[in-house]
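Order of writing sets the chain letters: A, B, C, D, E and F. Residues in each chain are counted from 1.
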Amino acid sequence: MASNYKITKSDLTKLGLYSVIEQIGFSFERMQALGFTCSMLPTIKKIYGDDKEQLADFMTKNMEFINTEMHMATFLMGLIVSMEEAGEDRTLICNIKNGLFGPLAGLGDAIFWFTLLPISAAICTSLAQDGSPLGPLLYIAIWFVSAISRIWFARLGYSLGTKAVSTISENANAITRAAGILGVMVVGGLIPTYITFAFGEGLTYGINEATVQSIFDNVMPNILPLGFVFLIYYLFKKKNMSVLAVILGIIVFGIAMSYLGWM
Amino acid sequence: MASNYKITKSDLTKLGLYSVIEQIGFSFERMQALGFTCSMLPTIKKIYGDDKEQLADFMTKNMEFINTEMHMATFLMGLIVSMEEAGEDRTLICNIKNGLFGPLAGLGDAIFWFTLLPISAAICTSLAQDGSPLGPLLYIAIWFVSAISRIWFARLGYSLGTKAVSTISENANAITRAAGILGVMVVGGLIPTYITFAFGEGLTYGINEATVQSIFDNVMPNILPLGFVFLIYYLFKKKNMSVLAVILGIIVFGIAMSYLGWM
Amino acid sequence: MASNYKITKSDLTKLGLYSVIEQIGFSFERMQALGFTCSMLPTIKKIYGDDKEQLADFMTKNMEFINTEMHMATFLMGLIVSMEEAGEDRTLICNIKNGLFGPLAGLGDAIFWFTLLPISAAICTSLAQDGSPLGPLLYIAIWFVSAISRIWFARLGYSLGTKAVSTISENANAITRAAGILGVMVVGGLIPTYITFAFGEGLTYGINEATVQSIFDNVMPNILPLGFVFLIYYLFKKKNMSVLAVILGIIVFGIAMSYLGWM
Amino acid sequence: MNEITLIQGLLLMIVVFICALDQQMEAFYWFRPMVVAFFSGIVLGDMELGIKAGAVAELSYLGLLTVGGTVPPDPLMAGFMTVVIAYTTGRGAETALGLSLPFALLAQWLGIFFNTAYSTVVRMCEKAAKAGDTGKFTRICYGAWFVKSGAMAIVAFLAAYGLQEPIQNFVNAFPTELVHGFEVAGNMLPAVGLGLLLMVMLNNQNIPYLFIGFFMATFTGVDNVLPIAMVAVAIAYIDYLYNQKMKAASAAAVAVDGGDDEDGI
Amino acid sequence: MNEITLIQGLLLMIVVFICALDQQMEAFYWFRPMVVAFFSGIVLGDMELGIKAGAVAELSYLGLLTVGGTVPPDPLMAGFMTVVIAYTTGRGAETALGLSLPFALLAQWLGIFFNTAYSTVVRMCEKAAKAGDTGKFTRICYGAWFVKSGAMAIVAFLAAYGLQEPIQNFVNAFPTELVHGFEVAGNMLPAVGLGLLLMVMLNNQNIPYLFIGFFMATFTGVDNVLPIAMVAVAIAYIDYLYNQKMKAASAAAVAVDGGDDEDGI
Amino acid sequence: MNEITLIQGLLLMIVVFICALDQQMEAFYWFRPMVVAFFSGIVLGDMELGIKAGAVAELSYLGLLTVGGTVPPDPLMAGFMTVVIAYTTGRGAETALGLSLPFALLAQWLGIFFNTAYSTVVRMCEKAAKAGDTGKFTRICYGAWFVKSGAMAIVAFLAAYGLQEPIQNFVNAFPTELVHGFEVAGNMLPAVGLGLLLMVMLNNQNIPYLFIGFFMATFTGVDNVLPIAMVAVAIAYIDYLYNQKMKAASAAAVAVDGGDDEDGI
């Protein structure tokens, strides 16, 4: 049974903006289920008015476990709203949602967490280095735009409708692959700038009192930071060390180096 | 009816050299038709002697619209001469010519106008910067060789003969693609050297009186010239602005910046 | 007839280490046949004890011509030992050996002679430049590890056994191709550092007494060393000049340049 | 060495409350050290310190992400306490960053506590859902949101205002070597973030690009990641085009076969 | 500030006549600013000025190409007048380049006029062609060639010799800001050329290479396009090899199918 | 200018003997100029000279490889005599390298002689093989190994100790231009090695990478080949991945066809 109400452009704008609360009420049990449902309520009430039965069914069905990246969540909301409006079976709708949120999380994380975040942080911290407020202000501006862009994601999800499902599964691989190349290359580029790992002037060897660091610089500049990142990676990946343990280890190491006068 | 005269190597050399006039008598109506026909006359007269009928037919048929890159024109002449010599039907010959001159123009332009020109100009202007005559002399030498190379194009066209047609259509794509990569990458490399677009020392901001230009340099060196080229590109491509309007706009902009003391 | 003796891990370690003598007794007639056979004798004696007949047959059959890269030789020994232990027909074993040693030589040369050697030499000579013993010591260490790695090659050959044959022929192309890219790119990178080919301050031209070398630097830095390598390559490849002739030519050229005061 | 007044303490509490609201949304990124430190610096009357300390903390917490619903050492609290400690003790931002770690861990545990405890909120919402009561559903969600943010704000107030003397004394007793040791460690910490990023992104197919990016940053004059990102986008796009073509080639094979089948039948 | 004598004026006319002959051929590239300015400088007794002004104008008119039969602002006249104006007014080459623009436009319009008017020449040639009269055909072409070159030479003579005083006065009345403004604009003008080049060459497939070239020029010590062109050739060739392989793979699919068909039948 | 004592001469002989044993094995690379010059320098009491001269010679003999069983000018003797000549004549390493060439050629001819003559050793081993006498077989091989090394050691001793005066006189009579000429040539000699490497490795498929490597070394601050090798491995691996995919695409075509055949039949 398709609804009588026709979703307007302004409805989708509001949906996009309101979806910023998508992660409130987060719990390990259901993750984003609460915020996700809550975000759609104003729009859904336009479709079903005060039809308590429909609203109850909608809320209950949408309270299943969900966890995805924020912008992708908004995209999913647009999709759901278009299907609700078309009167599709709600169990089907939820199945589609369940099938999509995982891959979409990977995609969104690659774009926003792994690419936009380091790039914006790099630009803004470099602007901020001499204390200029331009740094944080640009940072705030960038992410404000990112938040506002959810309007577009809501519209995209709505207009693609069910077509979206096959399109996404077709191109998810390609986009994830591209995001991986981008992200990994950026990380490679961040290593020399972000990490200082060098022995001090005081640590020398041999007859000429050449510094130990000069050996490493001779072999390859920045080889120590590069190796250090791979060590950390190895500790996480193969040794399953916790983030906390690694951080504490680094602090202990730093203090030890300081006392030895090596760094 | 194949001719009795056998085209010699020296005939082709002369054809190549004489083809430099290929563009004289240029008109919007027929473009290079006159010069193209004119270039071939000495060679064609060797084949048909004083057979006025053949010459009249040849000239008339070749006066159709044609427009291609110069070296490619010479190549086409070699092709035509080989087919005339073999006594192929002249309507067929002209059809082949009509089918080829377009793609060949793209290929030739990519090589000579878009690649050899900027490279030779870059090298020679850098030699010329301190007023050394080496700059223009080398420039003249390079293009002299380029003009002389038409001998080779004439021979190539002649020896490939009709085989050329399929070979070209097969590889045209690949060569155009490669020329595009080359040309576009060279343009990218030219941007920082060729275009100066930077705000002056006088334009500052904030408490520390840091220059505005330093912000752009912080974000990415040469980002203004890069952006400016894309702006111009956009004005041409999407706004269909005329070259003249863009040039005048730049002059007005430059004068305005000068009066404002910003540049 | 399979042997009663079971080859142990320690047998393979000894085989790997002992295989360093694989090239002693080298002659143009049989190349590495003597050393190759000699290297395997202690292990083969474990299998056949004092069975003179088997030993004589083994030695005689293995004295055929063979020439391969050292590490690959060890690999082949492991392969042969596994087949001897399994009681395969010895003529078959030798046929397999004859089919493999050629391709394996190409692979091994690409890895050890063309890649590891220039890289280790580059690193160690740069460490050695100011007379630091670190240079030769690291060099000795690197190649010690390379020699010791034969233990691993012996084990690999033994454990792959006959499966190795198809695996190698399948991937040889891919590995050779990769080694070629690596090697050629490293050579390109070595040119500017290794070869000094520049005209002296004394060689000038024109009114301003600009140096001739500045022209070449203007066209492209290091263009002379690059061109020189290609000239040498051309002399070897197309003119079949001998190494000796080229070396003498360079010395004569150097002395001439010195007397002319050009370099 | 400066003191934080009560009014400043209360204002800082409001700053943290607002940023904590955003932290649960992950919408405007005001929970990032860069932003929270900026605001805190303004409140403390030393904006420049806030900006610099925020930049240092931002970089260190770049890879300590919440991805997949995990709770890492808290970036909000780290950025906040880096400014506060730098302000009250007069130490440099690197040292202060090291010393802010215990507080970042405290906030991490607080977060884990709430994420666990909020199963009760789920129960409450389920009831409202069954009743079809959208208003109640929404109010419960908002309540949960504000409570968690309030808790974070109170912890921040106590740490910044309440503990300032003990922290000062503690830090002042530090020998130089220890302080320098914290700086050294602070300079290395970003490796943790990058290591975590790699955990998620690195695979057999894209590892070569890591080295290309590293080479570009080390051997060209680049001191900003944007140009590298620009080239990375270019390379990723070239790769994409190749892959599309190869897919098309494979598809051609299948299509040819498909057409063929029909002929065959 | 120098004056151009009548003899110099006439010699310049000859220079422009010869270069204009070449401009119609586009054979020896003597119509390029670099060359015409070099010759003009020699005639004016200041070769160095000619070389420098030619270099500046050459770069600006790099992308204002005649490709596809279009007529851009005239590079010959631009190169010529840049030297002349720099010589007579004593201004720098950049300023002179800006001031030469009106003349480049004038020559552009002259070119368009001839390209339109020469339809009559086509008619005349058609008659000769029908008569099979190769001699007449050739003479007509040559006539058209010389007439157009002559017109260009006369315009150049008038502009350089006849207008020198008005130009001097005009330019001397310029305020510094205006002169500097022309320089600023002159430094930006090459963007027009590059923009036009991109119009013809840029597409979805090759846009990433633009950024790679830009990166190389910005972040390595390259100050000449040749090394970039060298790498570009290398990359284009690698791309070519991949494409050949992919074509082969697709072809294999079809071939396999072809062979198969025969089996099937 | 130094003299080599008899004891030093004998010690050098032992060094060369050991390195010559390794030269036949090609196992530990002690036959490379870098190592043999290092040991010789120690014996001569000037380790630094040995290290520097070894580095210079190592680079020059980088491509003069034995690959395929060919015998090039001898690296062992070149490294050895470079130190010896630098030590006795007081000339720089580049000059000494040039002057060592005759000795490298002498050793090359010695090597060719032995490789030819050792056909007799093959005969002896054949007899032992037929008799199944593993001990005798082994002893013959070892004998051949030691004889060749001994010959090399004696030649080295004569050249270093016996000829030192003639060499000194010869070199001291050199005009400066000649000495400088040897240096110039010495700086170019590595081109021979690289040319030989290219002979074996270069082909139509990988030539673009040569230019990329050249560009990287020329225009970035790299002064060590390792970073370039790192990027080269990355690029080679990317190339490998593409090739695997294209192989898979082609294979798909064939597989599809295969399955099809079965359907068809």
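Quick note on the criterion: a contact is a pair of C-beta atoms (placed from the backbone, for glycine too) under 8 Å apart; a residue touches a chain by one contact, two chains touch by 3 or more.
Here's who's who by UniProt: A, B, C = PTS system mannose/fructose/sorbose family transporter subunit IID; D, E, F = PTS sugar transporter subunit IIC.
This structure is a prediction, so every number in the text was calculated from the model and none was measured.
Common partners of chain A and chain B, by the touch rule above, are C, D.
Comparing the CA-atom centres of all chains against that of chain B, the greatest distance is found for D. The pair with more inter-chain C-beta contacts, choosing from A-D and D-E, is A-D. Inter-chain centre distance (chain C to chain F, centres taken as mean C-alpha positions): 10 Å.
Averaged C-alpha coordinates put the centre of chain D at 54 Å from the centre of chain F.
Note on chain placement: the centre of chain A and the centre of chain F lie 54 Å apart, centres being C-alpha means. For chain D, residues touching at least two other chains, in rising order: 205, 207, 209, 211-212, 215-216, 218-220, 222, 224, 226-227, 230-231, 233, 235, 237, 242-243, 246, 249, 252-253, 256-257, 260, 264. Contact of a single residue of chain B with at least two other chains is seen at positions 123, 126, 132-133, 218-221.
Touching chain pairs in this entry, ordered by label, are A-B, A-C, A-D, A-F, B-C, B-D, B-E, C-E, C-F, D-E, D-F, E-F. Within the complex, the chain E residues that touch chain B are 24-30, 32, 34-35, 37-38, 47-49, 51-52, 54-56, 58-59, 62, 64-65, 67-69, 72-73, 98, 101, 105, 115-119, 121-122, 125-126, 128-132, 134, 137-138, 140-142, 144-145, 177-178, 180-192, 194-203, 205-207, 209-219, 222-226, 228-229, 231-233, 235-237, 239-240, 243-244.
Across the complex, chain A meets chain B through its residues 123, 126-127, 130, 132-134. Within the complex, the chain A residues that touch chain C are 206, 208, 210, 215, 218-219. Residue ranges of chain A in contact with chain D, taken from their complex: 20-31, 33-35, 37-38, 41, 45, 52-56, 59-60, 63, 67, 70, 105, 109-110, 113-115, 117-119, 121-126, 128-129, 131-133, 135-136, 139-140, 143-144, 146-147, 174, 177-197, 220-222, 225-226, 228-229, 232-233, 235-237, 243-244, 246-247, 250-251, 253-259, 263.
Residues of chain B that touch chain D in their complex: 218-221.
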